[in-house]
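Below are two complexes that have chain A in common, paired first with chain B and then with chain C.
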Partner chain A sequence: MWHIITYEYRQFKADKRFAIVTGLIFILTAFSLYQGTLRTDQAQEIRNDRIAAQQEFYEQKHQELIRINQGEDEPEQWWRHPGHPLALGTFRGSGKFVFPESRALSVIAAGHSDILPDYGRVRLHLTEAVNNHALENPVLKAAGHFDYAFFLVWLIPLFVIALSYNMISAEKERGTYTLLRSMPVTSGQIIRAKVMFRFLLIAIVIIAAAGASFLILGIRAQLPDLLMLLAAILSYLVFWFAVCLLVNLIDLGSAANALSLGGIWILFLLVVPAFINTLASSMYPVPSRAEWIVEQRAIQQQIEADADDILDRFYSEHPGEVPQGELPLYYEYWNTLFITAAVVHEKEQEALTAFKKPQRRQEKLIAALRFLSPPVWLQSRLERLAGTDAQTLRGLHDNMHTFHQEWKAFFIPIFRELRFVEASEFQSIPEP
Partner chain B sequence: MNRIPLIICRHELNMLRRNKSVVAGSLLIIAILLMSVWTGAQYYGDLSEQHAAAEETARAQWEGQEAKNPHSAAHYGTHAFKPVTVLSVLDPGVDRYTGVSLFLEAHRQNVTGYSPAEDHNTLSRFGDLNAAFIFSFLFPLLIIFTGYRMMVQERETRMYHFMRSLGVTDRQQAAGKALALWVVTGVMFLPFILVTSGFLIFQQVAPTEWIRFTGMMLTWVLYAGVCIHITIWVSSRVRSSSNALVLLLGVWIISTLAAPRLITNVASAVYPVPDAITLEQYVQADLDSGIDGHNPLNQHTAAFRDSVMAAHNAESPSDLPFNLSGLMLQVSEEYEKRVYDRHRRKVDTLHDRQVRLYRAASFVSPTLVAQLASMGFAGTDIHAHRDFYEQAEEYRFQLMTELNEHLKKHAVGDDAYGFTAGNEFYKQTVSYRYERPETIFSGVPHALQLVLLSVWFLAGLICLSYPGTAHSD
Partner chain C sequence: MIEAEGLTKSFNGTKAVHNLTLNIKQGEVYCLLGANGAGKTTTIHLFLDFLKPDSGDALINGISVFSSPVETKKALTYIPENLALYPSLTGIENLAFFAGLGGEKQDEEFLIQCLSEAGLQQEACRKRVSRYSKGMRQKVGVALAIARNSKVLLLDEPTSGLDPAASNDFAMLMHRMMERGSAILMATHDLFRAKETGTRAGIMNKGVLVEEIYTHTVSHSDLEQLYLNHMKG
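What follows is the complex of A and B.
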C-alpha cells in the first residue's frame, strides 16, 4: 500500500493539476477569509461606535447631573433634566443597543447577516431592530458573498472531483493499470490507497491554507469551535471522496466519470437544495409582510380605542400604581403609553405566529430533508458556527425583549415615583 | 444551399435521441421548468392578493382614523405597498431583497421594510426553482453535457479524417453540431413558452407585459446561444473529451458562481454604501441647518417666524390670516425633502456605480449581463424598485402638503387651538396607486445589457466560424 502511495505522490509531483489545485485552495482560502475579516471588522467598528455613543450619552448626562447637584447648572425645561427617567430611558439618544451573540468564527460565513437586523435599540416606549445593510445594493445582496463557506461548500467538491475522477480510468487509458496490478496488491488496495492519498493531501492543503490564513489575518477562535469546523470539513470531504470512489468503481472511462461526478455535484448543490427550498416554501408559505403591517396598525388603533379599559384593568390589578396627588402634564401620556405598549406587544406576538409558524415548519422540513444534500448540511453547520444563521440572528428579538423588561423595571418605578435618577444610580442603569 | 450542416445536425439529433442521459436530463429540466411556472404562479396569485388587500386596508385605516390634528395624522402616516409584477413568476430579480412596503410619514423618508428574504428559510442562498435560475444555471449545464464531446469525439474516434476525406470542412461540422444543440435547446424552450403564454393569457396582462416577456425570452435565447457556441468551439479546440468537460465546467463555475460573488465583494469595497445609522447622522447634520417645524427654539425656525410676522405686520401668530405652524411645517417639509433627496441620490449613485462594475465584469461572465437584462424585462430589477420608491415618495410629499395646507388654511383664529380634522377630510386626501412605467427600456443600462449580450453572442458565432484547426491531425 505504501508503494502505491509513493507512486501516487510521484505522479502528483509531476502533474500540474495538483499544483493548480493547491495554489487555488491557498488563494481562495486567503481571499475568502480576508473578505470575512473585512465584513466582521466593519460590523465590529459599527458596534464599537454605537457603544461609544451610548456611553458618551450617559457619561454626559451623569456629569450634567453632578453639576446641577452642585448648583453650577440649572436645566431650562423638564425634558432637558439629565436625571429625568424619560430623558434617560426613552428620549432621543437614550436607550441601549442590544447585539446578537458575536462569534470568533463569524468570518467564515456571511449567512443571513446582510439580511437580518444586526442589532437592536431598546428604549422604554419601543424596541427597534436596526439593519446596517438596509441601504446596500439589492443586486449585490442577491448575488451573495464570496465567503469561506461558499468556497468550502461549492468549490471544494470540484477540487476533489478534479483530482479523483480518473483514479483508475487514467491508469487504464494510459495502459499502466495492468502494470500496477502485476505488483502484489489487490485492486481494492490500489483504490483504497489512491483515495486515502488524495483525501490526506486535500485535507492537509485545506488545513494548511486555513491555518496560515487564520494566523496571518489574526483570526482567533476557541479550540472547540475550531475542532467542530475541522470535523465538518473532514466529514464533507469524506462524503465527496466516497462519491468519487463509487463512480471510480463503476468506471465508465475518464470522460464519463467526470460527467457523472459533475452531474452529482449539480444534483446535490443546485437541484436538491432548490427543490427542498421550493417544496418548503410551497408547503408552508409565509404570508407577505404587507399583511403584518396592516395588522400591526389595526392592533395599535384598537389599543388606542381601548386605552381607557386597558388602564382601568391595569389599575384594578395593580392598585398600588394608581397615581396620587398632582401630576405633571406629561405623566398621563407617557404612563398610558407604557401600560398600553405591553398589551400591544402581547397582541403583536399573537399576530406574528402567522409568520413564525410557517417559518418554523419550513425549517423543520428542511432539517428533516437535510440528509438529502450534504452541502445544505455543511452550509447550515458553518453558519451556526459563525453565528450568522437565521435562527441565531432572529434570536436578537428575544434578547431585545428580555432586556426591555430589565430596562422598564429600572426606569418605570422612578418615573411613577415622579423623581429623578440620582447620580449614584447611574451605576445601576441596566446593561445588555 | 449547403446541406452538409443540416445532414450533420440530423445525424447528431439521431445520436442524441438514443442517448438516454441527454433525454432524461432534458425531460427533467423541462419538468422542473414547468413546475417552477406552476409554483411561481401560485405564489404570485397569493402575494398579489395579499398586497391588494393590504393596500385597501391601509387606505381604510388612513380614512378611518379618529379626528385629529392634520399634523398628528402626518405622523401617524400610511404605507405604500410594492406591487408584485406578473413576470416576477419567471424572474423574481432583486424583489426578495427589497422591502415590500414603505412607511410614509412627516419629515422623513424611510427605507423600504420587510424584505421577503428576512422571512426566508436557511436555503435562500442556494437558489430556488424559478425560470431565471433554470435558464442561467441549468440550461448551460445541459448544453455543456450534451455538446462537450460533439467535436472532439470525431477525432477521438478517428471519424474526423473520414469526414475530411468526404470534403466536410471543420466549419460545416461545427455549424451542424451547433444547429443540433440549437434544436435541443429550442425543444426545451417551446413547452415553457407555451405554458407561460397560457398563464399570461389567463392573467389578461397588458400588451407591455407581452413585450417584456418577449424581451426576457430573447435574453435567455441569446444566452443559450452563447453557451452553445462556446461549447462547440471549446470542443473543437481541445485534445480530449475530459479536457473539454473540465474546461467548460470551469468556465461555467467562473461565470455563474464565482464571478457574481467576487464582483459583490469588489463592488462593496470600491463603492462602500454607508450603513443606515451613519446616513441618518449625515441627514440629521444637514437638517439641523434648516427650519425645524417642530422646534420653536431652532434659530432658523425663529428667524423664519420673525420674517413672516414682519412681512404681515403681525405681533403674534394669532394675528396672521393663516396658521403659522401649518406654513412652517410645510417649509420645513420642503427643506427636509431636499435634504433626503440629496442623500438618497448619493446612495443611488453608489448603487449605479456598483451595478456598472457588475455589468463591466460581464466580459468574464455572460451570466451577469443576462441576469441583469432578464430582471430588467421582468420589472424586478433595481431600477423598477427605485421607480416604486420615487413614486411613493412623491405621493408622501403630496399628502404632507395637503395636510399642512389644510392646517394652514383652517386652523386660524378661534379654531386654531385644539384644531382637528375629521374623517371627511382624510377621505378626500390624495390616494396612492403605483403606476408601472409604460416604457420597457428605462434608459441606457437596459439597452446596454442587451447589446453586451449580443456582443457575446456574436463573439461566440465568430469563434464557431474558426473551429478546431489547431489540432487537426
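What follows is the complex of A and C.
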C-alpha cells in the first residue's frame, strides 16, 4: 500500500492540482481564522472597555464617598450621592456587565454570535441583553462571516471531491488500469491506497495550515479542545472520502462521478439541512417575534393597571416591608417598580414558555436528526467548541437572571432601610 | 508454463473462446493468430483473470489463475497493444512503480540497466513518459518483464502500430526473452512477425483454435495460405 501511496504522491507533486489545493487550503484557512480573530478581538475589546468603565465608575463613587465621610467634600443631590443604592444599583453608569463564556476556540465559528447578544447589563430595575451588531460593517453583515467553520463544512468537501472523483476512472481513461490489474495487487488494495493517500494529503495540509495560522495569529487553545477539533475534522473527512469511494466503486466515468459527487454535496449541505429545518418548524411551529412583543406590552399594561393590587398583595405577604414614617418622594415610584418588575418577570416567563417550548423541541429534533447530515453535525460540533452555539449563548440569560437576584438582594434592602451604602460595603458589591 | 484446459467463455450467448486447450512451454513463443473478434484478446484476458470463464481452467506455472490470481500475476508480465504509463512520471519512475507492485524494490541502477536491455536509450530513461513514442512505451513494458524476471509474458498485439524498425526491435527483444527461458503468448495479426518470432502459431476462428503449427515447418506463404483457408471457413 505504501508503495502505491508513494507514487501517488510523486504524480500529485508533478500535477498542478496539488499546488492549487495546498495553496488554497492555506490561504482560506489563514483568511477565515484571521476573520475569526478580528471578530473575537472586537468582542474582547468591547468586554475590556465595559469592565474598565464599570470598575472606574465604582472606584470613583468609592473615593467620593470616602471624601464625603472625611468631610473633604459635600454630598450632592440624593441621586448623585455616591452611596445611594439607586445611584449605585440602577442609575446611569451603574450596574454590572455579564458576559458569555469565552473560549479560546471562539475564532473558529461565529455561530449564533451574530444573532444572539454579545453581553448583558444588570441593573436593579431591568436586565438588558446587548449586541453591537449595528456597528458592524454592513457588507460583512450582508455577506455573512467567512469563518473557519464555513471553510471546513462547505469548502473542504469540494477539495475532497476535486482530488478524488476520478481515482479509478482516470486510470481507466488513461489506460493504466489494465496494466495495474495485471499486477499482483487487488483492486481493493489499489483503491484503498488511493483513498488513504488523498485522506492523508488533505488531513496533513489542513492540520499544517491550521497550525501555521494558529501560530501566526497567536491563537492559543487547550489541547483537549484541539484534539476534539481534530477528531471532528477527521470524522468529517472520513465521511466525504467514504462517499467518494462509493462513487468511485460504482464508477460511471470521470464526468459522471464529478456530477454525482456535486449532487451529493448539494444534498448533504443544502437539501438535508433544509429538510430538517422544514420538518422541525412544521412539527413545532414557534409563534412570531411580533406576537411576543405584543404579549410583552400587554403584560406591561396589565401590570401597570394592577399596580395597586400587586402592592397590596406584596405588603400583605411581607408585612415587615411596609414603609414607616416619612418617606422620600422617589421612594414610592422605585419601590413600586421593584415590586412590579418581579411580577412582570414572572408573567413574562410564563408567556415565554409558549414560545420557548416549541423552540426547545425544534432544537431537540434538529439535534437528533443532525446525524442525517454530517455537515449539520460538524457545524454544531464546531459551534459547541467555539462556544457560539445557541445553548451556550442562551446561558447568558440564565447567568444574567441569577446575577440580577444577587444584585437586588444586595441593594434593595439598603434602599428600603433608607440608608446609604457604606464605604466599607463597596467590597461586598456583587460581581458576576 | 502457460496452460489452458477446455477454456470456454461466452458473451450474451456468443462463444468468444470455445474449449481452448493450450500448453506453452519454457522458451517458447506462441503466436495466436486470428481475425478481429476471433477470441485472441479474450484468451489473454482469461489468463489475466480480467474475465471469468464459463468452464475450463487457465494455469500459469501449474497454478489456476482463477483460484490464485495474485499468485499467478507475480509470475507474468502483460504488455497490451497500447501500453499506457503515467505521463507525469519518467520511464524509470514508471518502471519502479510497476515493478515494485510485485513487492520487489529495485535500485535505480538496475532499473536503468533493464531499460537499456529493453533498448531504451539512457537519456530517455529520465524523461517524462508523456514524451515517449509508442515503441518506447512498449520497451518499458519489456523492461518491466526483465525487472520482474517474469518467466511468462502475455502480449496483446504488441507490434500493432509500430514502424517496421520498432517492430523488428521488439521481435529481437522477444527472441532474447525466449532465450532467457520465458514462455510467451502473443496475440497478433502480423503473420510475418509470427513466422519470424514465434516457435509455434495457433490460428483461432470464432473462438475455436482450429490449427496449431510449428513455424519452422512452414514458409511465410504457406502460413498465409493456411490462415486464409481457415478464415474463409
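Everything below uses one rule, namely that the second predicted complex is superposed on the first by the 423 of 432 C-alpha atoms of A that agree within 3 Å, B and C clash if a C-alpha of one lies under 4 Å from a C-alpha of the other, contacts with A are read in each partner's own complex, and residues count from 1 in each chain.
The criterion applied here is as follows: contacts are C-beta pairs under 8 Å (C-beta built on N, C-alpha and C of every residue); 3 or more make two chains touch, one makes a residue touch a chain.
Quantities reported herein were computed from a predicted structural model and do not represent experimental measurements.
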Practice task
Look at where chain B and chain C land on chain A after superposing the complexes, then choose clash or fit.
Solution key: fit
Exercise for the section: In the overlay, answer first, second, both or neither for which of chain B and chain C A:His3 touches. Expected result: second
Handout entry: Contacts of A:Thr176 with chain B and chain C, given as first, second, both or neither
Key = second
Handout entry: chain B versus chain C as contact partner of A:Leu116, first or second or both or neither
Key = first
Exercise for the section: With chain A at the apex, figure out the C-alpha centre angle toward chain B and chain C and round it to a multiple of 10 degrees. Expected result: 90
Exercise for the section: Figure out whether A:Val130 sits in contact with chain B (first) or chain C (second), or with both, or with neither. Expected result: first
Exercise for the section: Identify the partner contact of A:Asn277: answer first if only chain B is touched, second if only chain C is, both if each is, neither if none is. Expected result: first
Practice task
Have a look at where A:Ala298 lands relative to chain B and chain C in the superposition and call it first, second, both or neither.
Solution key: first
Exercise for the section: Identify the partner contact of A:Leu223: answer first if only chain B is touched, second if only chain C is, both if each is, neither if none is. Expected result: neither
Practice task
Please work out whether A:Asp15 is in contact with chain B alone, chain C alone, both, or neither, and reply first, second, both or neither.
Solution key: second
Practice task
Could you look at A:Pro184 and tell me whether it touches chain B, chain C, both or neither (first, second, both, neither)?
Solution key: second
Handout entry: Least C-alpha distance (whole Å) that remains between chain C and chain B when both complexes are overlaid
Key = 17
Exercise for the section: Write out the stretch or stretches of chain C touching chain A in their complex. Expected result: 48, 50, 70-71, 73-74, 76-78, 80, 82-89, 93, 96-98, 100-103, 105, 128, 154
Problem - Contacting residues of chain A [partner chain B, same complex] - result: 35, 38, 46, 50, 112, 115-116, 130-146, 150, 154-155, 158, 162, 165-166, 254-255, 258-259, 262-263, 266, 269-271, 273-278, 280-282, 285-294, 297-298, 301, 304-305, 355, 359, 362-363, 366, 375-376, 379-380, 383, 389-390
Exercise for the section: Note which residues of chain B are touching chain A in the complex, please. Expected result: 21, 25, 32, 35-36, 39, 42-43, 46-47, 50-51, 53-55, 57-58, 61, 64-66, 79, 81, 93-94, 96-98, 100-101, 111, 113-129, 133, 137-138, 141, 145, 149, 240-242, 245-246, 249, 253, 257-258, 260-265, 267-269, 273-277, 279, 347, 350-351, 354-355, 358, 372, 381-382, 385
Exercise for the section: In the complex, go through chain A and note every residue touching chain C. Expected result: 3-4, 7, 10-11, 14-15, 174-176, 178-186
